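In the two complexes that follow, chain A is the common piece, with chain B as its partner first and chain C second.
On to the complex of A and B.
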């Protein structure tokens, strides 16, 4: 059954969540500006004391139509491939089963719906890999509003299938930096070959939204309300898991799928209701290692500082990561609640380079007959490492946040490297 | 010190709008407040909204800052109970001095809005230093706050628990604040629940009292009224909200 509530972990955190702030010497308030940017109901969910937030009936229906609950599967093929059968049990929640192929639809639907409640006629957003953009384009098509997406230029050029899918569904897609906004034009002047960054694309999308009161911005990750929407995943997991895992693993961009997958369980742990022995592991990209190498501090949510500052693990709002295939993991910061949990040691973090991640993706594809998204493959990498070292009886659960059927460009590069003999056959696999 | 139920309070940064005119502002408001919330001027009002931030900037630019502001308070007759607001960041190394100075100035408690967020491990020391100086503790919570912390606050017998309804002072976003007040009330039991941030109208204040708040405090709107319309306008605003708060409480009784 589709859950009736989203779970707001802020109510259970061991320490209070530091507030969003304006830069000190600002005469105007960026916090005050949120009312012109975000759907009202999203703001309300961002600032609620409630532990449980009822999922609007219209959204529960849309979730059901989109295929929720998504399955929790046992990865027996992977267990065999790793040679850990009978020793380690691995489960994964398959968010790729949603029609857009990733967990992002879980929050795109309510946010677009909330924009409609405000009388908006258009939603705008940024996207890295295009997973989020596609989710917004889909939700907008389902609910009948126009969507505009600023897609980081490197992805715009490389992730053609997803861009075309967005456009087919009626969305307007601009490469970011674009010439549509002041921020984009400025970035292009400074650096004509700018590959784009999520921080900059956010600034562009927000500038675009501020240009017309009938537009609303929809946020792909990082905000507490967005993270809360994703807890529909973890609420289902609590019903589906046949046993309490020793590890729960997910990849991290802004943190929404990890939070969505783990927060209901972490919440039980914080309230003393279970999951005492579970270790919660965040797998990030070495190209944007915010949780492993960033610092915990107040920083801008976007490059242009249109939004307020949040206290989070960050690499700096101006961080421009190298282009990698897992474009969805290239954000400079992480959700405030996740950052706090990481600082308190309740969530651990590991970072992986591209090659080792694709090796994991290939092991998974061959053993489970399912192509993972490059982002999700970071979680798989962590799972493989944990499983190989784990003592008998270990149980691992991870979130397969998306499939990789539209990331064929990444796999193409990878397979040509294998053909050229530049990437070794994965070691330690038994098929 | 005990606070009346219901209560209406005005927040002023000590020394605003000008150190010389501050006593007059206090006096003008006196008939229509139950207690004051007075801010020690700081160069880093990091968690405040634009109006309160500007009030600090202005007072600090006139050369008044921190505990020196208490001297201005000594020369002023404060005709109502008052509590102080300060940032822990400014006093982390001199908490005892802050509490002693506050006690000798006659304050009921010192509210440190950044204590829970930036110095969560110092909560007990804050309570100890408050009590050592003969003050009660008072605590700040936000509209996204751990329930266990609200319950922890309640167990420490504070003068009040201040629920910041909005993300920052003076900034009004579409948040179901009354729903948050009802929930906070359930969590803090019968402890004194003071609510504030961006309250500007009598109706809004009355609704908060009906939702279960013991008191409301108005800051930015009064600071703006003082700045733009002078003491008469500030008094008019304060008196209308004071009336609304007291009649809402009678209606609820």
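On to the complex of A and C.
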């Protein structure tokens, strides 16, 4: 059964959630901008204090059609491969079962639907590796809305499968910087071979949306409303888990898959209804270690300061992570609620390098016969480390946020590494 | 609920199924060879006359884990796009929901399991585009058996995602011709840049299996036992269909997805239990039009005559189809039972060119938000043609045998064609 409600953790947080604020400059209010570009119902959900938010019937149907509830599987193959059978029990929620191969569709669907409720005829967004863009293109095709996606130019060529899939579903995909916006044209004038950046793509998508009142911007992560949509994962998990786990683990980019997977359980903990002994673990990339090495402060959500500031763990909005295969984990910050939970000690964090993550992906692929997304493999790395030193009877649950069948380039590197041996870890630069 | 039985149509055929026979040459018996290389339980199933074959509990569990039953979806988006809403109802079974993205896993699982029952430690097979190879690699990883795949050299490079996925799951993948077998070495001596062929890859896989009694060969299509495993699809469809369709449509390569989808219904028709007015339609590629233009006769299952002869519709075992994107439909023949049903008029056939098939894929992707495999798009083409001229109240069901997210190259051509206009249809050569 598809859950009837999303869960909004803001209602149960021990401290008030620090709100989004405008930077102290003379520019136009970014909060006001958000209100202009986002679907109005999304804005309502961004600020609501209600604990349970009813999932619209149209979206519950779309969830069911897309394959929700997704399965919660026991990882007996992995347990055997790790030599912990009979000592540790491992479960995982498999979001790769959704037709776009990742959890992103969970929020793309309601956001596109909310745009429709506003009378919009088109949604626009940015994408890097394309997981989010593909989810938006799919949701738009399901609900009959036009989609336009600004895709960083480097990914436009490198992540061809997802780009072509978006286009086949009818979405317009522009390599960013594009000639469609002022911001894009300016970037191309300065540097004709500009590889693009997520920040620039955001700026382009927003400029594009502002050009026509029939357009709405849709957001892939970080915002509280987005995080709330993803709790459909954790609401299902509460129904599916045969026992309360000692650990719940997920990877962290903006934070939405971790939040979606754990918040309903963390909520029960906060309300004294269960999960008292469960440890909640965020696995991030050592290339963008905001939860382990960042500082907790107000910072820009995007490089260009087009969006408001959020109080969060951040490496600084100008942090440039090295190119890694888990492109979805390269974000400099994390959702405000997740950052607060980390600050309060309710969520722990651990960071991993590419090499050890790919080794975990390889172990998992062989033992569970599912190729994990490079992002999700960070959670698997954490699970493997926990399982190997865990006492008898330990129960671990994690979120497999997507499959890696469309991440050829990552796994090509993986197999060449297996042949050629270890490569040095890339490191990021703070500017 | 995963069905408890596969359905074996041989029990209900109005005429005896013409058996596999040996060619009239002096070589060793190919039937005897089959018995040596195939899992013994598969041989039993190949020759059984039982109507219902119990699905082993281990396989029912594996089916459930892999996401069976797969959904039967109503194609309301497609109905709208075709302008037939309220006049025609279209349903489709979605086999792309399986983790490897196609129906092939349905038979890979039992075959690998049967090899295990024989005490084998390794399975080997051939693959072209890689759908079958990926299914075997996945089944082998699920059941803990080693897999070796001979992949035609041209696909080895062109279909990298599937090859890398197989490798990540622990399978050994050799480009065929390889240096691992006599047959491969001979081909490479004659022509060092040999692009490979499915026939040669079959020969290599069989030679490889014969080299060690702990190896078994597993077969992707055409054989009756394989076709029977695929009836898990149609057994589910019988439970899921809300009404008896006027048409049941599927694409045809070797015939296993069409057979799997339709045979349980055709069986009811043959037994006088229902589906009296249903028309069963096979959609094939104009590049390999065996059911529409081939002749019904005994012919080799493979180019090299390593396997026995079957009585089937064939274009001749030496027919070389032009390179098309739906590589899974390039086979020269079709399963013996399907050929007999076609001969008896119970199954109709229609052939389509690439251009009109890609147009159908495009319409479907935009209206249903699922990218079809190029093979499955042949069925969609037939459905669109039927729906457009169908009288009010017509019900159509078809099998969407796989998704196209890993068939980048096909859809790249598709989008460039949309831009550049129509290309001439390729044509095959009979030798």
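By definition in this document, the second predicted complex is superposed on the first by the 398 of 431 C-alpha atoms of A that agree within 3 Å, B and C clash if a C-alpha of one lies under 4 Å from a C-alpha of the other, contacts with A are read in each partner's own complex, and residues count from 1 in each chain.
Everything that follows uses one rule, which is that contacts are C-beta pairs under 8 Å (C-beta built on N, C-alpha and C of every residue); 3 or more make two chains touch, one makes a residue touch a chain.
Nothing here was measured: the structure is a model prediction, and the numbers come from that model.
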Can A:362 be said to touch chain B (first), chain C (second), both, or neither?
second
Which partner chains sit in contact with A:224 here, chain B, chain C, both or neither? Use first/second/both/neither.
first
Go through the superposed model and pick first if A:44 touches only chain B, second if only chain C, both, or neither.
first
Counting only touches as set out at the top, which of chain B and chain C does A:73 meet: first, second, both, neither?
second
Looking at A:15 after the superposition, I want to know if it touches chain B, chain C, both of them or none. Which is it: first, second, both, neither?
first
With both complexes superposed on chain A, which partner does A:212 reach: first (chain B), second (chain C), both or neither?
neither
After the superposition on A, what does A:28 contact: first (chain B), second (chain C), both or neither?
first
Within their complex, state which residues of chain C touch chain A.
65, 67, 71, 73, 77, 96-97, 99, 101, 138-139, 141-142, 144, 160-161, 164-165, 167-170, 361-362, 365-371, 403-406, 408, 411-412, 414-415
Residue set of chain B touching chain A in the complex reads 44-47, 49-50, 53-54, 116-118, 120, 141-149, 166-168, 170-176, 179-180, 183-184, 187
Could you pull out which chain A residues touch chain B in their complex?
8, 10-22, 24, 26-29, 31-32, 34-35, 40-41, 43-44, 46-51, 224, 308
